[in-house]
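Report on one structure; see the data block that follows.
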């Protein structure tokens, strides 16, 4: 099997993390997984949702959206159909849970951080790019709060990164681009911490099935990819340790 | 560790599948996983979504909803907030993908089957009960179409069942009730075929993390649970084979 | 004239009231009028709508919904069209007014009871079944509040039941099933108290007309039906008196 | 008992019907029941709803809306809450059914008439004014179609008018203004044809109850009021007979 | 060039302002620009939007809506499409800004005035009629508050009126009716104060273009029209001065 | 008066037009007016809105949206409030009209071009940047269609650019940044063609007023700014002439 862009099966696409991409967000990151480009902006708000009020704890949430022409054919905006896209709903819930796994709410104070992931260009792996870039934006926003004396300690417990893995023409491959993703027999998204623990594993037979061996092989491949991504995150964050 | 209802760690709750629960649906099933009760109705429609038109193939989709008082406190209806509940969205997409894994669309003709999963009472595991019961409703609807001569052959390729597994007080347990689910460190939903292949695996650290060993242990537990559920499905379907 | 199910013109369908049908609602009833099945759940909330705040009084309201496959052909869910079904709106307002006629708000304290009427299967008379079953659920919820010491006295003033009457092939008939209802020249819903007073009378010529004599005849038939229903409600409530 | 405006118990408020109130609608009427003012515009459209397509028959429907400041305190517009007011829903369904009772669809051809009832000022009885004025607008629109040769014969079978009756301080009164309506023990809306038949009867104990005698007395009062209104309609329509 | 109704190029249509058109609104005006009729109701509310809370200042806002049959063909109501008409949005923002230019918020106290502009009949110039009539309704509402002692001084700084101007068959014309407006090469709305200052100028080439000379000529024409309208407003307000 | 960034009163901010910013859109432009950054993507669709069907002509429309964190404080997404932002509505209508002024629909064939203007960062002048950048994206998309032989001739008649002008501390200034815009007494948006004609002029006293002299001075300033912008557009388009 030869991958469309000549990558090795366990090789990430070129990953690029640009911090400070926009100027207002407390944490702003443009993350690129090859041709996939996602703008991740972390915004701090001095309030929490009702279920956290009075707890002394903070909250982290995420929103995911594709710009209309992020894809080959133009997508109608959600507001014109008055419905949040169901795929977006599923993805933003995954991003939110993944980022929360990195955070110690008790160190945040009663404030919220919303991580907006707006896909400028989609070429597969937008959800894993969103988690990986969203984590960096989140860390930058926390850093800013600590630097400004609004939080005493960084509430981040560990790095969190995500990557897709899949089976394409019978072989396990890492970080699928759209051309691979649309023909994969199995598609799995792996979210892991810097210390190598799993945060989320979502594997689907894409209306097919997969075996236990394939599951094991794919998770191992995902571990490799996440470890590589954490290194790139560390670079982007100037070697920050948690 | 002792489970609230005294079950063994790898033991399902009492599972009850009542077929023909309502009279209009082509396939109607009330499925009970202990105190969890879901009404699964499969409806046949002689048309397909735009992306399948002219293909000669069919389609299967699912909708999931909780009745307002399926839970301890009353939930406002979606229509009153004008928004489909985000959790429901995520779940109905999972149900749809899982059921489609069981179906050969080329044998359906250009017709759709919608499986409505309405939760009458929720005590944990509503999504896995929906998949397990929804499959039986789907099979019954297909059977009816075959019996009436509208389809030549059953378009079902294999049984599909689902179960939740989790880690509670350090130990892996099968088919969590709400009391267990709300305190589990890891929560995983396993969807499998009758022949023991995976359709979907969704594991989450519930804003925490889990290890590779825990992942392996939980998937093994899920395999056991799904196998047990397929036997119960077979009974409900009079031993139907695919 | 012969009725499809052989009933006498002034005979109710078999009425069945199952209390405690679900476990979380303060009052839960499955009511069956023949093949019509409605789940009526009464939920208590420790707050009142704005117009009752500070009054020391309570409030009772109702919501009505048909499950998608309660009928011969599947109905799209309201949330998918983003609009509350107009027929449901009309019906839930009728249920709410009818139940409120039974209640002394000054004895409730500042709390609300919402009666959810979800139609599992519809074969005519869903609104009258909802009122009749909803009353039982409401009474059970009040009883629970009294038993728990949250209310001093039962705030129920009298029984309330409802039945449909109509003119079919020139003759007045009681409690129409769908086959009768869809061909009736006149259709009337009668809501009455246990002491034989009218709460609501809604008669329509179904885009036709009716005479004063027909109006009188139908209301008399409704009185008979409501009286029969109140006896059945009393049985279900263990002879409770107000 | 003395009525606020000195009327006799069976006396209508001053009724004024202005035809041709706006210039574009095929039938346009401003109807005044005392201080209640409703603009009723009948619009013809050369198409029918799906369930009438191919039937060769027409359809009549109604929409009801109150302008924001038709009442003592300003009402938020429906579009700002994204929900059709539930009271408006109930009323427009009543208006539609009432007007349809006057029409022979087979004489209309496959076209629709929508009667928009927009309340400019509300002082009780807006739904009965809407039906009474809407009928005149509908007749004018049909007349125009006949005059233009688009319909061969008038599809109107009979006059239809509506009036409210109620029990106020123990006595039956006709055509309640808001001050009376808001204190009435019983409130009933009677819709009748020119030949004295009932189209709709909707009586409510306003969260109280009423007796059979009261029901009879009120319907008799309504018959008197509707007969008076039909005479006024006839004048407005230049003595048109159906 | 000859105008359809024989007017001179700088001549307004017959303008008619009826005050007290409805009885509940604090200020109520029916304004007619020829066949264009707009009901302008000013409603006082004892609260302000969040961004004004605690400021001691008031606020003025406007809403614009066309009744379904204000035009030659019937328009579907916004609520049926669940979307505020985009043209209405644009217009009501213009009305709001225009009216606010006339007001000294510091003299209002923390209260809001909403000016509802409901178009009963549209024959061109509905937005300029809304501003011109809405101003009179606003002044009447303020006058009422002053008369009742709720405000000490009139918070109105100056008259505000609006008129449309356009280029039709090469010539500048004032106050276009629909027949002119739909064929105009340039269309401009001019909002001015009683003292001859501009509040808003909105000119569009209607998907064409215009020159600087045309811009100057049209604004001069608009000045003339606004001055004429202010005289008519003064008459309607009994010569009120600000 | 000294401008915050030291510009001369009639000087544009640094303008940067990056073509081909995303890869899927037929025309893709990132335009920067100083710190204001708008992504303008032109998408071709082989169909037209209903009012153009069968005309043989094309259509051009625009959509405008700000990303949640384009501004100093985060804005909730429209979809979460289920309402298109009213300011966005007003702006996208202006962009659409402005771009259509540049187009000869008869040369487009029956196809539509939608220009999506998504604001990544907002520092004043987002609507004028959207028009100026949107024009370039539109021209690129048309060029692509011509190059691919889908259109015979460029349907663009002339350049279209837009700039804001305003009065700040008594002096007319060009191309206001947010700090200036938020304190301007008058705010005007000028849209012009390459040949120096006006397409749109929208001036507002920002709840104040302005004189005829100020109007003239500001339009002259706008003419200068638009001419400068057209030169920059020409560079970006490789000197393309229409």
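We just call them A, B, C, D, E and F in the order they show up, numbering each chain from 1.
The definition used in the following text is that contacts are C-beta pairs under 8 Å (C-beta built on N, C-alpha and C of every residue); 3 or more make two chains touch, one makes a residue touch a chain.
On a predicted model such as this, the values are computed, not experimentally measured, just so you know.
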item: Farthest chain (mean CA position) relative to chain A; value: D
item: Longest centre-to-centre distance from chain C, chain (CA-based); value: F
item: Inter-chain centre distance, chain A versus chain C - centres from mean C-alpha coordinates, in Å; value: 51
item: Geometric centre distance via CA averages, chain F-chain E, whole Å; value: 28
item: Chain C, residues touching no fewer than two other chains; value: 82-84
item: Touch-based graph of the chains, sorted into line, ring, star, complete or other; value: ring
item: Chains listed in ring sequence, where chain D comes first and chain E follows it; value: D, E, F, A, B, C
item: Chain F to chain A touching residues, read off their complex; value: 22-25, 28, 35, 37, 39, 41, 43, 45, 63, 65, 67-72, 74, 77-80, 82-84, 114, 116, 118, 120-121
item: Interfacial residue positions of chain E with respect to chain F in the complex; value: 82-84, 86-87, 89-90, 92-93, 97, 100-101, 188, 193, 197-212, 214-216, 219, 223
